[in-house]
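Alright, structures below, take your time with them.
What follows is a pair of complexes built around chain A, which joins chain B in one and chain C in the other.
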Partner chain A sequence: MCKMEKITLRNITKAYGKNPPVIENLNLGIEEGSFTVLLGPSGCGKSTVLRMIAGLEKTTAGDVLIDGISVRDVEPGDRNIAMVFQNYALYPTMSVRDNIEFGLKNMKVGKDERNARIAEVAEMVGLTEYLSRKPANLSGGQRQRVALARAIVKKPAVFLMDEPLSNLDAKLRTQIRTDLIELHQRLKTTFVYVTHDQVEAMSMGTDIVLMDQGTIQQHAAPAEIYASPANVFTARFIGSPPMNVVPAEAAHGKAPEFVSKVGFRPERSHIVRPGEKLSEDTVLIDGNMLAREMLGDQTQYKMETENGTVFVKEFKDDLIDYGQHQIAVKLADIACFDMQGKLCGFGLQKE
Partner chain B sequence: MQQTKLGMPVVSEAPSVVRPAMKQKSGLRRFFIAVRPYLMIAPAMVVFALFLIYPIFYMVYLSFFDWNMIGEMKFIGVQNYTNMFSDSDFWQVLGNSIYYMVMVVILEMALSLLLAAYLNKNTRVNQILQTIAFTPYITSMVSVAFIWMWMMDSDYGLLNYFLSFFGVDPIGWLSDPKVAMNALVLVSVWKGLGYNTIIIISAMQAVPGYLYEAAALDKTPKWKSFYKITLPMISPSIFFLALMNIISALKVFETVNIMTKGGPMNSTNTLVYNIYQYGFQYFKIGYASALGVALMVVIGIFTLIYFKVLSKRVYYSN
Partner chain C sequence: MTSALKKSPASVKPVKVIRTVLRWVLNIIIALIFFIPFYWMFITSVKTLGQTLMMPPTFLVSEPQWQNYPEVFTKVDIWGELKNSLIVTAGTLVCQCITVIPAAYAFARYDFKGSKVLFGITLATMMIPAQLIFLPVYLMFSKWGMINTYWSLILPSASSAFAIFMLRQTFKQVSEELLEAARLDKAGEFKIIWKIMLPLARPTVVTLAMLTFISVWNDYFWPLVMTTKETVRTLPVGIASLQMTESGINYNIMMAGNVILVIPVLVVFFFAQKQIIKAFTYTGVK
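== the complex of A and B ==
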């Protein structure tokens, strides 16, 4: 590994009481300066991992290292980290200013320095005129920014964020998403971000750690995780809509024997127009259109085939009518998965 | 994602049907509708008026008379009040009441806060301890007073017996004018402690845990997160409890009546016990009523000051 690891999780196991562990023997390295997104369905253990990095949860076994040093006996406040909570966790009895200042006071930052930092951060997130307000008198987006300001003002080495956008409406979410990317570019510190939304992960992350049932399914850059998903779970999680994965029988014997499932991205398929000339390396699937969604620049079709429903996404201007159609997919775009669900390559053998 | 089920309802045109004109209601019916809410609250209001409003006004009315409950009522104007204000005993009783109230409220709140902070963690042992702490509250004040009286006996009492082990001279818990009032404070605090603690614990447990997590990440020392987060968050409960304690302490009666009868040397005589003496021992109903009015005013003043001074510092979540 060429880059330095900021945070290392070494053989982490976490169990609550006598229940079977939610995370077992997990290893993860988070690179310095990366925007690492822990992604996965709810209950996959991603928040637990974040909370163990923060020190809010103790590890049952294994070690968390920051800058190569074990933080087992280091209090959360001494780990040089800041956290943004899902519900912001603002102190409701304090004004915005006191909320931001609280941590600095505890860190014994001098008064002039505190004022300068608060002014700077308030300007940065656009809260200057709200400093004297109580959190109850702020909108959801403003509270979110207070939570961010409270983290930024501490100038931590690591930002931990636990689904910070999930309580915002869709429009604000996309806006703050861009703001967070900007912030990361500006601060160049390590961000660890937990979400169940693959769009957030793809758009913001420099690294994605996709988790399921307490284990890491794939740890890669967004482009790689999209282009070559490690397994069926990853393929079905990334993309909107995600990859269509159907039994290998759908390939009509074109798939090698060890392949149990095949898949293709909706945006790498299209519906055959009447009179359209198809190249030889194309697979055709018969399907009945169940639903059609026109989204302006793109159209999504939900098609029922004999091997289950699949999605087709087109960036074309002409709309296809409901009815029986053929779906065309290039051989090279078909992903093959083996018995264990692992990706074994793209492209089926030609006839 | 974006899966839609078939059979989406087709949006129909907004209903533009004109409603048929409403039937004209009869006069009687309209009257009934207007009166109905008052009828509904009438039973409660009657009880309220009969047992709360009327006695208050009757007490004020009686305070202008000289009456022994049997003979003729004689109107004497503000004579009862002038007598009261010029009586040094009244000022002593008033002072006693206020001293008692201040001591009880301060000790009660401070101790129950400490106890609540200690018992806050929801372990099995703490649940048992909470129950034990609550027991005095559900015990009758009369039994409590008798048991403490026995324990505080200066010759045979348990307290002095234990103190003798440490070479402490016997204390006249209820017989020394300097000590007696504090002994009553002790009993009252002991009895109310469990109740106050339980209320504070439940308020503490309603404080969301993530605030303490945020505080931990902000490097907050334990005492500071108690002072800056816990206390403000539970302030509504504390505000309420302290007010209830103020009012009930100003109305103390049973312990005085059973344990000291206002003595020694009037040192434990309080407003309510004084009212009882004048009303039902000396049968001076008018003067007792004037004392009752004084008590009401004192409670009113303290409540008002309390609201003015403290209510702004209480945090109410919306």
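== the complex of A and C ==
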């Protein structure tokens, strides 16, 4: 990688008060111009990382570098960043226009320049008609747009966003998701985006940083994180539904000694039809169908096997009835994980 | 077809009617309890001296004695005292803004060393009655030559523990995210207070200012203790001096003075009432 790192976290440790640290010795480089998504379950420390980058939270140990320079003594307002909060954090007593203008005024941007920028950004996010309204008189989606506009107008070098879509309904969420991708393409600045939703991460990110309990599990592009999950945690987090991971015994001794768990993606398996011819390199698993979800172009089956429940996802038109079935998985699609849960590779040997 | 959709009057429940009537009766009684003293003050102020002493008292006056009002002006220096009252009240309000707002903000938003103890001490001062400390304060002021100055009237209430407490509670309700957003917008503490906190706390601020205004405007005790000359004497002391006539108390003149005294309070209340109601019904600043 010869690209510049916009933000570097060096040996970061963070403890709140006298509690045990929530983040210990974390190292992370965020590339200039990337759309980096911090992904992980609730409470894993994503917001904490983001807030340390913003300067809203002090690091207990370690350094945050922006453009290679430590920002330890730089105030949040001087870090050339903008943040979009989960609850928007709009100033309730100010109009939309004043909300957008507040930061510019504090940055001592001249009046003509301010007006030009506000007009431009309002046009961009479609708020032109609402500039004189108070936030209380706006819908959730519009408030979200004000929060975005307030960030964009400052022309920051980095956008920080902490679950900005979680208060919106599903339809609006997918819409603004696309808008954000577009925005990133247009501005080409660095985005750091926090979410617990892997679909959001996969769809928007150019880089995904998957975290669990304050540690980074994997830092890779979406395609890579999907194709070769670094460990069981990653495999079980990415994908909808995520990878089926079962004990190695389920492979009936076909797995090598050092493999402790095996897994396969639901979309890389199918349910065997009557009279279907199966190739040599396929394993079969017996299962009882618990639930069936038809989603239009795809169907999800929840199957109970002797090694736990697994999901099967098919892109076929014919629905399969409830009852006892066999699940077919290609050997090459089976992921093997070692004792530490690390991925050792794909493909089982047929004996 | 619209007539079919209309509710027939017969569907109004009698229980509901009784309840509504009772509520109104109660409201009217409460309103009267508050209104009657004002009415009594006013009606007395336009009586003749003879009428004020009549038994049983009269509640109506056929020939209002408006000349009672000009008479007040001849007996005491109303204009001068009005000016003094305004200076003292405005001075107190300004001082309280300067002391209360930053203190409330600090107590609400910062967890500095000793903040809890300091806040406790601040609250404890509310329990000390003025009568307990007036003597030491008087001695102190007289030593500094401050008796008969505006400062002797302003400084004793230049801050208010009650106001600090109330404003702190309001400031505490503002979400942390909002302040963080402001910090990221490069706003300093002063700007945060001025542009974000105070506008949000407006109903509380107006109400507190109103309470301070009333208590300082009506205060009789401190001005009485701290002034010996007419130069800085405030309106309540002046009005009270109307009592001291050789020919017994002229109740009508005194009440006319009182009307003059309360008019500014009523005017201020009229303009502030919307905010005051908001302050007492508002439960959250989002």
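As a working rule, the second predicted complex is superposed on the first by the 351 of 351 C-alpha atoms of A that agree within 3 Å, B and C clash if a C-alpha of one lies under 4 Å from a C-alpha of the other, contacts with A are read in each partner's own complex, and residues count from 1 in each chain.
Operating definition for what follows: a residue touches a chain if its C-beta (ideal position, glycine included) is under 8 Å from a C-beta of that chain, and two chains touch if they have at least 3 such contacts.
The model shown is predicted, which means the values in this text are computed figures rather than measured ones.
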For the three-chain model obtained by superposing on chain A, do chain B and chain C clash or fit?
clash
So, does A:N27 touch the first partner chain B, the second partner chain C, both, or neither?
neither
Given the superposition on chain A, which partner contacts more residues in chain A: chain B or chain C?
B
Please indicate which partner A:P242 is in contact with in the superposed arrangement: first for chain B, second for chain C, both, or neither.
first
Should A:F85 be classified as contacting the first partner (chain B), the second (chain C), both, or neither?
both
Just chain B (first), just chain C (second), both, or neither: which does A:L290 touch?
first
Which partner does A:Q298 reach: the first (chain B), the second (chain C), both, or neither?
neither
What is the contact status of A:G77 with respect to chain B (first) and chain C (second): first, second, both, or neither?
both
Shared chain A surface residues [contacts with chain B and with chain C]:
54, 56, 75-78, 81-83, 85, 87, 89-94, 102-103, 106-107, 150, 154
Which of the residues in chain C come into contact with chain A in the complex?
175, 177-178, 180-187, 191, 195-196, 199-200, 202, 285-286
Report the residues of chain A in contact with chain C in the complex, numbered from low to high.
54, 56, 75-78, 81-83, 85-87, 89-94, 102-103, 106-107, 150, 154
Quick one: which bits of chain B touch chain A in the complex? Just the residue numbers, please.
1-4, 6, 208, 210-211, 213-221, 224, 228-229, 232-233, 315, 317-318
Applying the document's contact rule, which stretches of chain A touch chain B when the two form their complex?
54-56, 75-78, 81-83, 85, 87, 89-94, 102-103, 106-107, 136, 150, 154, 240-242, 290-291, 293, 300, 302
